[in-house]
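Next up, some structures in structure tokens.
Shared chain: chain A. Partners: chain B in the first complex, chain C in the second.
This part shows the complex of A and B:
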């Protein structure tokens, strides 16, 4: 399988788009016609050839462009990549997991040769060919987390485990849905989720933490999360809210299909072997409404989910300004027919 | 009992108790004028021979001397006062860098002082179970502008204008112990022409 990497932008002229063949592999986040929070965690097994769940770290046509966007963010704001001093071992664990997985799953794109601690890494799409000593940060141009974080799609947080809790002690976060690593670094699981409405009362975080604290090595898990974003913008950080907030006023019934994007996070959870930390990749997929509605099942279901969304969630997810016109626009694709269970298109 | 008026809020927003002496090899206190009486309340209960374990740092309000005199009269091993929280917290860091296992830290006063004391204690490797906090006085907040990262002291209004980047910030309840600050984010980013009334809410 050869992937044609696209030359596209996530800012300015926003040339990002999905190829027709890429649309059906989108991780549509709604298995049913209604949505409410749940601790929807399942094993991160290889599932469905061609789907984003096939490999440990999915590589798609947007890989090269996303890595360019990450480099732009880090150049403007180095605080998007931070690690507390005790997280270096976890950074090496992360590097190893990504290199080993990508070299195994995409041998035509990535190659890893290990001679004891001397590692030789070739990343063909990004034209990287480096030799370094595993465990010795002086042989890399930067912290191991930053080095590999610049070569893997999605944001990555690394959670230290102690005192019966998880601590957000490191991360490379450039494509976030409105949360700040610089502010949240050092917080525990409940603290960094504090602003989320309803879920604390439902016990979602208590159950999720209990599950994660006992996550075994070699048995990763995953869940999907979602929001909506105006324009295919990856960097919707609180730091840059004055840049992307005004986009919400540009939505009209005429341009809604191209402007509003379903933003899905494929979140996975990996126990790391040396540090006992948890790697938390948050991989973002973006798809314009016009692309979503090419799949009739998704179009019907998205209308029903949006129409019945709880007001607190409309507000928390920042959809208030355009939610009514979106529901109206989606209704034209919903003939009331039943939808099949599960997230995959018919 | 604590006389804090803080209402129940989200989980990251700290809550405070009342200072109470617990067994320890050394007792470090940091207070401002609103917290001075908490220090006096618990230290004067101690037997004389324990006073050599007591170390007090104090930030008075300008011109005030009565509380300095009362705190000095407690007879602590060390007592020092500083004109600003920053200076007192820096001194706390020096003291804690020489502190032994089993040291206890007691913080009393406004939230800005307590929060910065907690952050310094954590940075010096003190376990959180060895730190006690009592909130007294103003509910003024220390706020970090999420956009330009400026720290804004003594914020009493909602929203507040960032003195550095001029954006009008919504002061959230989301709180970082490491930064000892609440998060401030632009309140009218989506429509900058929106007029928003500034109200005094953190008194």
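This part shows the complex of A and C:
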């Protein structure tokens, strides 16, 4: 299937939207009618043709536009892409994983030819055709992490593993849900998760860390996380809060369907072979409330999840300002009928 | 999910007698495919089908992390062990098909180090061979201090000295040579990381010396030999499965659980990674905790066990499996 890449924006006039055929493949994050934190990790196996879980690194109609938005963010703020000096090997691991996966999964879009360490990479959607020496950063225009990070949807953090902990020692982060690489760089797993409420008491992070420290090569895992964003804005960073924070004040019962977006992160976890680091892709999917409610199951369930969400989570996810009118708006789509288990639409 | 569920089919491409007690085994993918890339210090688990008994032992990869057409391990024959090394030495020949796990690294180089100081005892040399290849390619200074009983038992001593020259210092017990840890560890530049792999006594001396000299704990790395010990047979009740199993003298508890068809997580099979940690439902007796995972308090509480290496002696052991 050839993907028609959209020309759209994630800022200014916000022309981003999902095509009708793209809506059912959205990774709706609620398998049940209520939501609470859990260590909801499962193997990142190929699943369900056409879904975002089908391939290692999902490519969809927003690919080209997202990469343009990333370039804009990096031009304004180079601090969004940082790698501590010992993370170069991990950058090459990341580059290899993405190139090999994309060339295998999307042969009509990407092509990789390897002649020993001499690699030839063709990225048709972005019109890139480069030859370089694997492992020799002087043959690339920039750090290998930045080079490939500009060609793959989603933010990517690379976690060094040592002393029984994981360390946020590299990343290319331009589409984040209100966290800062510049602030977190060099922190360990517990330090960068410190602001999250409730989960520490539940022991979620101890279990997650133990799982990640023994993550085997060739057996990636995934989980979904979510929040809400006003306008389809990818760059909701703390650095740019003055640009997007006030958007929350623009939500009214009349425009809620187009303004509020369900923001889902498909997070995957990969053991990298040469660096022994962990690659942590955070792939963001955005969908307007008007688009979500085209699927009756999702509309019913989202109403129930939002209505019953714990106050601590309403606050932590930054929803307080418009949470009551959102629940009221969603209630019109909930007739009380039971919903089927799982995340996929009926 | 366990690493052992994803085994790689390989063919034994070469078997080399390094000396009377050590053999090197080389593996290639059965299809001629590339094997997974890895980092120095990684090990693989080798599955052995020994006359009806399935054994899985971890061995450090010693081949170059930059060569993916084959892997190499070295196995020291241990006639008092569970029989894995004996099987490798007596039964495994070129052309034979076997299964191995993907590489796992629990003894990785700290890539922030300004210098890597490596200390090996006996067969503990193997992970360092791959690590030196890696450090050499990355251009980071390193030094190996390698002690063995005698020159004839010191596998690869000559070839390593040839390959890495001044980076390698050798010590043979029978020549009265030994590593002076105090001098070695007190004369390192700031930013050095020390790695030790060898007999328990050697690891303890290096760690104690480094600690007394004020080395930061995060700069001291060690890997114990990963071999489940033999012992007396014992009975275990698996509560969820509702069955009783017997662990043989030369079998690990993990292997006995697997043989019963009961699902259990595992990875390193050497008491280090923590994956197989299992809740003890009831224990009337003594758990021989042989792992490096549980802390003293957890061991004393008898509420957790690492089935890959730990054993039991007493009246009743019941596990949450």
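Just so we're on the same page, the second predicted complex is superposed on the first by the 346 of 346 C-alpha atoms of A that agree within 3 Å, B and C clash if a C-alpha of one lies under 4 Å from a C-alpha of the other, contacts with A are read in each partner's own complex, and residues count from 1 in each chain.
Going forward, contacts are C-beta pairs under 8 Å (C-beta built on N, C-alpha and C of every residue); 3 or more make two chains touch, one makes a residue touch a chain.
If you're wondering where the values come from, they're calculated on a predicted model, not measured in any experiment.
Chemist: Of the partners chain B and chain C, which touch A:89 in the superposed model: first, second, both, neither?
Modeler: The second partner, chain C, only.
Chemist: Examine A:125 and indicate which partner it touches, taking first as chain B and second as chain C; both and neither are also allowed.
Modeler: In the superposed model, A:125 contacts neither chain B nor chain C.
Chemist: By the touch definition at the top of the document, which applies to A:184: first (chain B), second (chain C), both, or neither?
Modeler: In the superposition, A:184 touches chain B alone.
Chemist: Between chain B and chain C, whom does A:275 touch in the aligned arrangement: first, second, both, or neither?
Modeler: After superposition on chain A, A:275 lies in contact with chain C alone.
Chemist: According to the stated criteria, A:210 is in contact with first (chain B), second (chain C), both, or neither; which is it?
Modeler: second
Chemist: A:24 contacts which: chain B (first), chain C (second), both, neither?
Modeler: After superposing on A, A:24 lies clear of both chain B and chain C.
Chemist: Considering only the touch criterion stated at the top, classify A:160 as touching first (chain B), second (chain C), both, or neither.
Modeler: Second partner only, chain C.
Chemist: Kindly classify A:194 by the partners it touches after superposition: chain B alone (first), chain C alone (second), both, or neither?
Modeler: A:194: touches chain B, not chain C.
Chemist: Taking the two structures together, which residues of chain A meet both chain B and chain C?
Modeler: none
Chemist: Within the complex, which stretch of chain A touches chain C?
Modeler: Chain A residues touching chain C: 43, 84-87, 89, 93, 96, 160-163, 210, 213-214, 216-219, 273-276.
Chemist: Which bits of chain C are touching chain A when the two form their complex?
Modeler: Touching chain A from chain C are residues 1, 3, 6, 36-39, 42, 65, 101-105, 108, 110-112, 138, 218, 267, 273-275.
Chemist: Within the complex, which stretch of chain B touches chain A?
Modeler: Those residues of chain B that touch chain A are 10-13, 144, 146-147, 149, 167, 172-174, 176-179, 183, 185-186, 189-192.
Chemist: Applying the document's contact rule, which stretches of chain A touch chain B when the two form their complex?
Modeler: Chain A residues touching chain B: 79, 180, 182-187, 190-195, 200, 238-242, 245-246, 248-249, 321.
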